[in-house]
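For reference, the structure I am asking about is given below.
Per-chain numbering from 1; labels A, B, C, D and E assigned in written order.
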Amino acid sequence: MAWQWFHRLGSPKWFYEKTTAWLPWLGFISITLILLGSIWGLAFGPAEAKQGNSARIIYIHVPAAVLAMAGYYVMAISGAIGLIWRMKLSFMVMKAAAPIGAVLTFLALFTGAVWGKPTWGAWWVWDGRITSMVVLFLLYLGIVALQEAYQNQDTADKISSVLALVGMVNIPIIYKSVDWWYTLHQPATLKLTEKSSIDPSMGYPLLLMILAFYIFYAWVLLLRTRVEILKREQKTNWVQEIVAKG
Amino acid sequence: MMSTDTPSLRRAFWASLRRELLLSYRHKGDLANPLIFFLMVVVFTPLGISEEPRMLARIAPGMLWVIALLATLLSLDGLFRSDYDDGALEQMVLSPQPLACLVLTKVFAHWLLTGVPLTLLAPVLGVMLQLPEGGYGILFLSLLLGTGSLSLIGAIGAALTVGLRKGGLLLSLIIMPFYVPVLIFGSGAVKNAIEGFPVNAELAILTAMLLAWSVMAPFAIAGGLKISVRA
Amino acid sequence: MMSTDTPSLRRAFWASLRRELLLSYRHKGDLANPLIFFLMVVVFTPLGISEEPRMLARIAPGMLWVIALLATLLSLDGLFRSDYDDGALEQMVLSPQPLACLVLTKVFAHWLLTGVPLTLLAPVLGVMLQLPEGGYGILFLSLLLGTGSLSLIGAIGAALTVGLRKGGLLLSLIIMPFYVPVLIFGSGAVKNAIEGFPVNAELAILTAMLLAWSVMAPFAIAGGLKISVRA
Amino acid sequence: MPSLEFRQFTCQRDGHPLFNPLNFALNGGEVVQIAGPNGAGKTTFLRSLCGLFDEWTGEMLWQGTPLRVPDFSLCSQLLYLGHQPGVKKSLTAGENLRWFFGVQGMPFPGAVSDALAQVGLQGYEDTFCYQMSAGQLRRVALARLYISRAAIWILDEPFTAIDRFGVQNLETLLQRHVSNGGLVILTTHQPLAISGVRLIELQMAGRGGNDVD
Amino acid sequence: MPSLEFRQFTCQRDGHPLFNPLNFALNGGEVVQIAGPNGAGKTTFLRSLCGLFDEWTGEMLWQGTPLRVPDFSLCSQLLYLGHQPGVKKSLTAGENLRWFFGVQGMPFPGAVSDALAQVGLQGYEDTFCYQMSAGQLRRVALARLYISRAAIWILDEPFTAIDRFGVQNLETLLQRHVSNGGLVILTTHQPLAISGVRLIELQMAGRGGNDVD
């Protein structure tokens, strides 16, 4: 039955035991893909016509940016599930997702800034994309700060879920408004419907890296959720058995 | 023992609004605070940044909007705090009337006593900052619409942080991202007006945002307060 | 019954400082607040005012100083408030140790946790606001000296307004005039540095102000608190 | 007639039960004192009743139907007076009371000055609450009881800071309320001079069973 | 041996005396209860003693010499515990106590955990005060009495929110303090189980003379 599955998923113990087997696979695949993509992109891909080798930073910059945005929805939706169905596990996923998202956003910002110096001649420019990324970073920071600020975990979970939910509505608005506001940054080059404006020799390794980052994200998220489970359930028998086993 | 006249939401609404206005009236100082802040930054700006009229004129529209936004933001921390500390919030949560309506009165009062005065004062300070001719009307209109959204959004932040022993500016961090679109369209409208471009789009968007937040915010606020009060 | 080891001022000083630091450590959020505010305005500035690098570079020195000043000011309201509300201030007033010394620790802790982080963060935000090359060192130095004065002056205002049920930004009004010289010499130093002029005079004056306020402020603060507590 | 029933009911803090599970039923016409030493969980228990605390386990039944977390469906039936009385210091006594009833959707009670007189605050209707002594402030909060139409009164240490005569008055009032079929649930560390008080002792969890009834 | 004397002493609010002038002298070895209904001026009186309120008239003599307004010269001799106990909720019980003594220039008392045990808070030294019940919070403030070396204790309703055993303990402590020559001045609305309490009744001003002694 679908509902039975749903309820079992809500059980931290079931989730913990189930995912133990997935971990090594996810870790192995993501690391392999990242290595593969980097070697392809950095060593065998062509240098970009105008920007030269500095453009190779794209293989980190773009996947980080993509995941930073996708990560927000992972976080907000798991928060919403937690609020609606009062599911503790879902809150744990949310809590685990927030710092990962913040780090990825920071990575996108940082690589962007590093890239900006050779191409735009300045570390920092206020343009639409960049601004919306800063705003996203602040949204993540807000969630992390709320989680830290509340001593009572239950309250922290619910409060930050409400914030994440409200934020979910707001993200498209921010993107629209900031894009409309001022643009210097690259428009989207990878397009599904039309022909991509990026050369396939750079496009394929980039796509590979994005895929790799997705899997990597899932892996780290699982790891962090499991740590969170152990922390919160530390007084239960099954966790103590695991700890005793070492 | 039991009630004979049925309790009514309208009564609760008025009682609540009445109290907010009374409280603000008693703390006249608080009422003036956002205005003082506004004034203060307007004084500091030429001192610290530049006293050149041409320069001032260029930064004026944005500056006025940024300051109005900060003033709103800073006045928000106390919105639910004192009710939380002295137990009045519990009583509101326990009222049989929907909490979302009761908090809406608080937000409305906040806007009436912060947003509206700021809006009225802005043109005056515009003169001090050498705001060019064409900007005044739209400055007024955009602030009137925008401060409504600012109060509503800010109240969500205030509700989410009221349980912290000192919410302080963590509140700022939380709501800042939500203020960004309001700021962009608000100051955008004024800049366009000064340069003679049409401003209909910006004003329409500001109105739409105000409506959307008016519908959504009360529920988020009520939800946040209920969680906070139970902690 | 009576004391055998004599009470010592040194002990009182350390106990007081220790508590302030502990309290801030417990409210980590508060610690970050002035920084968040700083960051916030730096983000709002290009959004609201202008994103043009040339324009930003011109307003950056003043903007950074104005924001640092506002951030200090806004963090001051709570300086004595919670001690007043929960009765700890009475206990401090009743301590046999001179109140001026005890409050000095509070101000010192405030500077350590507000002024210093602001100073450290300012150059980073300078990059975001396109602050020209030559300004960074002096920005840092002038803020380091200036924020000390700002904390001391602000504490006087906080002491005088703590007895009001909600001091809020009335505080701002009181101390604003005293902040003006600090702002003028602080931002002046940075502007001069950028344009390659000497900055010795400005830095000397900032240092002198810091020393003068360090001597005078504690007594004014202690006086203000004693009056407030007796109201 | 209000009826409340508890089955294996206990409140938790940080995942640990505060007191041994309770099994008992309350009906209108009773004064119930929740007793126990400091930190036993009395306040927590009362807040759970009001829906202001939700880390509890077991069952709570109102008129026979179980209440779920979070559930404020008792709201309109109850009056809660906690450690923090919810009196605004910068309003006058009268304004505070009028707000209190207004916010529940009740018409502004004309009885405000009567109620204040009942708690010994004749002529204080227009006095600001920050000009009041500790006891007077609590009395403003207690004046609600003289106007309220709620059937269940939940009072957390209502006698705090109240002088001897004030306590007597209050006891008389409670007795009148229950004789009208109301239910009073209170905590206090002072001996009560009310006859027929039902005592529910909270026993620290993990110190032997109790199941009071 | 501490000695305090009052001559025609009364406190004022808004220019009106609160209670009829008092004339009496206190010496070490006494427990003195300031009594009176809510709003009689007990808190105001105690605060005047500490120098925390200065709208009073008449004379107050400490060891025979008159004290002037504003005068904190009694400071090092006294310990004041008011309606607001001065306990920071975001510090632990131990940190609160250590600050309290540190700020008076005393060495950090090693006795902190003993004192906490005495008020029934064994093992709570590292518990944050916001995690405490109302009574536990007051107990943290009361723990000061077990460490203090002050001769005069001024306690404004020290029994608030304290349970029965706590009150008994506190009474024993007060008795020990006065038997060591100390002076205790307190207010409370609960009956005291201490022998030989000296009662000073505050009588509302303008309702006939009293001059208690």
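As a convention for this text, a contact is a pair of C-beta atoms (placed from the backbone, for glycine too) under 8 Å apart; a residue touches a chain by one contact, two chains touch by 3 or more.
Quick caveat: nothing in here was measured; it's all calculated off a predicted structure.
S.K.: From chain D, which chain is the farthest off, judged by mean CA positions?
M.R.: Centre of mass proxy via C-alpha means gives A as farthest from chain D.
S.K.: Go through C-E and A-C and name the pair with more C-beta contacts between its chains.
M.R.: Counting C-beta pairs in contact for C-E and A-C gives the edge to C-E.
S.K.: Please work out the Cα centroid separation of chain C and chain D, and write it as a whole number of Å.
M.R.: Averaging C-alpha atoms per chain gives centres 45 Å apart.
S.K.: What whole-number Å value describes the gap between the mean CA coordinates of chain B and chain D?
M.R.: 36
S.K.: What's the distance between the Cα centroids of chain A and chain B, rounded to whole Å?
M.R.: About 33 Å, centre to centre.
S.K.: For chain D, which residues are shared contacts with two or more other chains?
M.R.: 83, 89-90
S.K.: Identify all positions of chain B at which a residue touches two or more other chains, and write them in rising order.
M.R.: Those would be 27, 82, 164-165, 170, 173, 176, 180, 184, 230.
S.K.: Which residues does chain A have that touch at least 2 chains other than itself?
M.R.: 131, 135, 138, 145, 149, 154, 181
S.K.: Which part of chain A faces chain C closely enough to touch in the complex?
M.R.: The touching residues are 122-127, 131, 134-135, 138, 145, 148-149, 181-182.
S.K.: Which of the residues in chain B come into contact with chain C in the complex?
M.R.: Touch list, chain B to chain C: 27, 29-30, 32-34, 36-37, 40-41, 43-45, 47-50, 55, 58-59, 61-63, 65-66, 69-70, 74, 78, 82, 164-170, 172-173, 176, 179-180, 183-184, 187.
S.K.: Within the complex, which stretch of chain B touches chain A?
M.R.: Within the complex, chain B contacts chain A at residues 156, 160-161, 163-164, 170, 173-174, 176-178, 180-181, 184-185, 188, 205, 209, 216, 220, 223-224, 227-228, 230-231.
S.K.: Considering the complex alone, what residue numbers of chain C touch chain E?
M.R.: Residue list for chain C touching chain E: 1-3, 5-9, 11-12, 14-16, 18-19, 22-23, 26-27, 82, 85-97, 102, 226, 229-230.
S.K.: If you look only at chain E, which of its residues touch chain D in the complex?
M.R.: Against chain D, the touching part of chain E is residues 13, 36-39, 42-43, 83, 120, 131-136, 139, 157, 160-167, 189-190.
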